[in-house]
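Right after this note come the structures.
Next come two complexes, and both contain subunit A; in the first it sits with subunit B, in the second with subunit C.
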Partner chain A sequence: MSMDTDNMQSQVRTNSFNMLYSFYQCMIEEHIQIIYQGEFNQQIVKSVLSLSEQKMASADASVKKKVFNVMVECLQNICKHQYGAVEKEGSGFQPAIFMAGVKEEDTFVITGNLIANDQIDRLTSKIEQVNSLDQEGLKSLYKEARLNSRISEVGGAGLGLIDIARKSGNPILYSFAPAENNTSYFSLMCRISSSKQEN
Partner chain B sequence: MQRPEMHKPLAFVPTIHQQMQQLQFLLCYKGFFSKETTQALLGMTEARLESENAGISVKKKVFNVMVGCLQNICLGDPDTESKNDSAIFMLGKDQDHFFIFSGNIVIGRKAELLKEKLPIINKLESEELKNLFLSQIQEQENDESSESELAFIDLARKSGHKLEFELQEVDQNATFLLMKTSISRN
Partner chain C sequence: MEKIVIEKAEDTPEIIMDAQARRLSFKGRSLPEDVTAFYKPVFDWLESISSSLSGEFVIDIDLEYFNTASSKIILDIFMLIEEICDGQKSTAIIKWHHQGEDDDMREAGEEYSEIVSLKFEMISY
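Then we have the complex of A and B:
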């Protein structure tokens, strides 16, 4: 009996380690180096940034600055919207995720969080607009947005996405996957090229 | 409602998020462990423990265990330097515990040694661990294997739980050591 229990425990442990090992393999395949999931507060954002900064210690200063700017914007987006899609006390609450890594010498930042379905159209058109513009167009849009926008309910003036596109110099990749309770899982990826280019 | 198509390169994001939740992970770091990244990881863990309202003694235990795990990673076989980028550190929690997963490559003979020593360490009770630790310190031969054994005895003492581990063969000479160290939340 005790032997059976031991075997069962060992099997559960092996399964859990197998799952962990495949998770680790997934991190390698996707070139991810940092993952944080959970509640984001000021102290955590600060320490995520500090870890990322240390991780990039050897990178070129201008690339480092761009990555840092993009990270700040992405983390701000998470902070502002983490309780937007569902109530904190509600059963559907799902904490946001932040990931960073390096692929083919380019640094990427990924965020994932739930958003309400009625936000999808607005967000899609915003990202598509930003993605359709070149650096000059983004600069003009940024100026225009700064002059005309009002601070929205969640505290942002809608400048974050424009700034992310300006700093990263690459189109913003995004996707929505259906989730429960009229929400969708919103993934966003920004890639910052390591080659020097004036943005 | 018509939704934009899923960008294929991003399909893994919700999957990873789901896995993180299933595995109850809060933080994962993979790569080279320098003094600076180690400090930043400690800072991040501290921030996370703060937001979990962990008590001082629990925080202290988590920190001690974490430092032990990070030391094990950093003090890995010098020959593994080129593979050092594969080391991993993860912090997680369940209702009753915080846990730390650490993973790193160990080279041939050391893996055999761990296979032999870790089950012995796991059979010992707190007092026996203490005695073994003290006797090892006194008798410590200045070689790598006794240093490594001492580090694992210390880790078992600090955690107060058995060390769960798995050794996965990478190639003929290298083995990946995955270890779970738990710390009670109360």
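Then we have the complex of A and C:
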């Protein structure tokens, strides 16, 4: 092996290490405790949930349940919609991402996945609707939506976002970043306050 | 008719369907991958006992957690029970079990009781 190849390999190793360290620092600064990126399925959902339950044990049982609740809906939303953009727009599969952590005593859950652009309006109005409602409003919307909903082909009841808003007690933050082939990367963030919420 | 038992798993509850005792019970967590497929045996069982049901029919719901899709299915189950009991000499009673401090689960039970015309008994433990 020549000296040059050796140097190159050690350079690659150093870069990887540097990257790892800055990645680690970023996680610490952003208080991220769990990250999963890739394809999602029920097995992954169960693993992420079990890991979260171990790592992010909250002292308050009621907060812990709300966090679990929000995580399940976020994870299963990804499971059900991760291929939507691929099927619709024939774009390449871009893996979804799930992150969770605790910042200033509040638990946050962030997800990102690719969606078809024609879903943006529907999603936006749905999120804006739940964000505009208080707990009572969310409760009646949930009851009404559940009564009128049908389990879809992908196995959802269309109640996930209402439930996320109800359980998190905070507005849902979201954004759409334009991607290729009439698709966008959809990011969603929910925050579950540690203080006891009024129901 | 023999008792049917679906064993509990990490993401699905234990379900006991006991025609002789006229009892149906759910215990554990419910967040199955395919909620329709998972709960199909319950709908089939309810249909199978519907013509012979009499007396008190007890449904125990003892779930520590259920996701939104399960919440829809549970409503469908209650509505089917409502329909079956309407046509038979049978009274259904939903025993809704929840942990004492679990306000969300108690409230979930109350919300169902406001929608369906079945008798609810809230049991806190």
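Following the convention adopted for this analysis, the second predicted complex is superposed on the first by the 190 of 199 C-alpha atoms of A that agree within 3 Å, B and C clash if a C-alpha of one lies under 4 Å from a C-alpha of the other, contacts with A are read in each partner's own complex, and residues count from 1 in each chain.
One rule holds for everything that comes next: contacts are C-beta pairs under 8 Å (C-beta built on N, C-alpha and C of every residue); 3 or more make two chains touch, one makes a residue touch a chain.
Being a predicted model, the structure only gives us computed values, none of them experimental.
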(request) May I ask you to decide whether A:Lys46 touches subunit B, subunit C, both, or neither, giving the answer as first, second, both or neither? (result) both
(message) Looking at A:Ala61, would you say it contacts subunit B, subunit C, both, or neither? Reply first, second, both or neither.
(response) second
(request) Would you sort A:Phe17 into first (subunit B), second (subunit C), both or neither based on which partner it touches? (result) first
(request) In the three-chain superposition, say which chain, subunit B or subunit C, touches more residues of subunit A. (result) B
(request) Check the residue A:Tyr36 against both partner chains and state whether it touches subunit B (first), subunit C (second), both, or neither. (result) first
(request) Considering only the touch criterion stated at the top, classify A:Thr124 as touching first (subunit B), second (subunit C), both, or neither. (result) first
(message) On the A-aligned overlay, A:Ile97 touches which partner chain: subunit B = first, subunit C = second, or both, or neither?
(response) first
(request) State whether A:Asn148 touches subunit B only (first), subunit C only (second), both chains, or neither. (result) neither
(request) Would you check which partner chain A:Leu159 touches, where first means subunit B only, second means subunit C only, and both and neither mean what they say? (result) second
(request) Mind sorting out which residues of subunit A both subunit B and subunit C touch, each in its own complex? (result) 41, 46, 50
(message) Quick check on the complex: what are the subunit A residues that touch subunit B?
(response) 13-14, 16-17, 19-21, 23-24, 26-28, 30, 32-39, 41, 43-44, 46-48, 50-51, 53-55, 57, 94, 97, 99, 110, 112, 117, 120, 124, 173-178, 184-185, 187, 189
(request) Going by the contact rule at the top, pick out the subunit A residues touching subunit C in the complex. (result) 41-42, 45-46, 50, 61-62, 65-66, 68-69, 72-73, 76, 79, 139, 142-143, 146-147, 149, 151, 155-157, 159-160, 162-163, 167, 199
(message) Per the contact definition, I'd like the list of subunit B residues that touch subunit A in the complex.
(response) 1, 3-7, 9-17, 19-23, 25-31, 34, 36-37, 39-41, 43-44, 46-48, 50-51, 86, 88, 101, 103, 164, 166, 168, 176, 178, 180
(request) Using the touch rule from the top, collect the residues of subunit C that touch subunit A in their complex. (result) 10-11, 31-36, 65, 67-69, 71-73, 75, 99, 101-104, 107, 111, 114-115
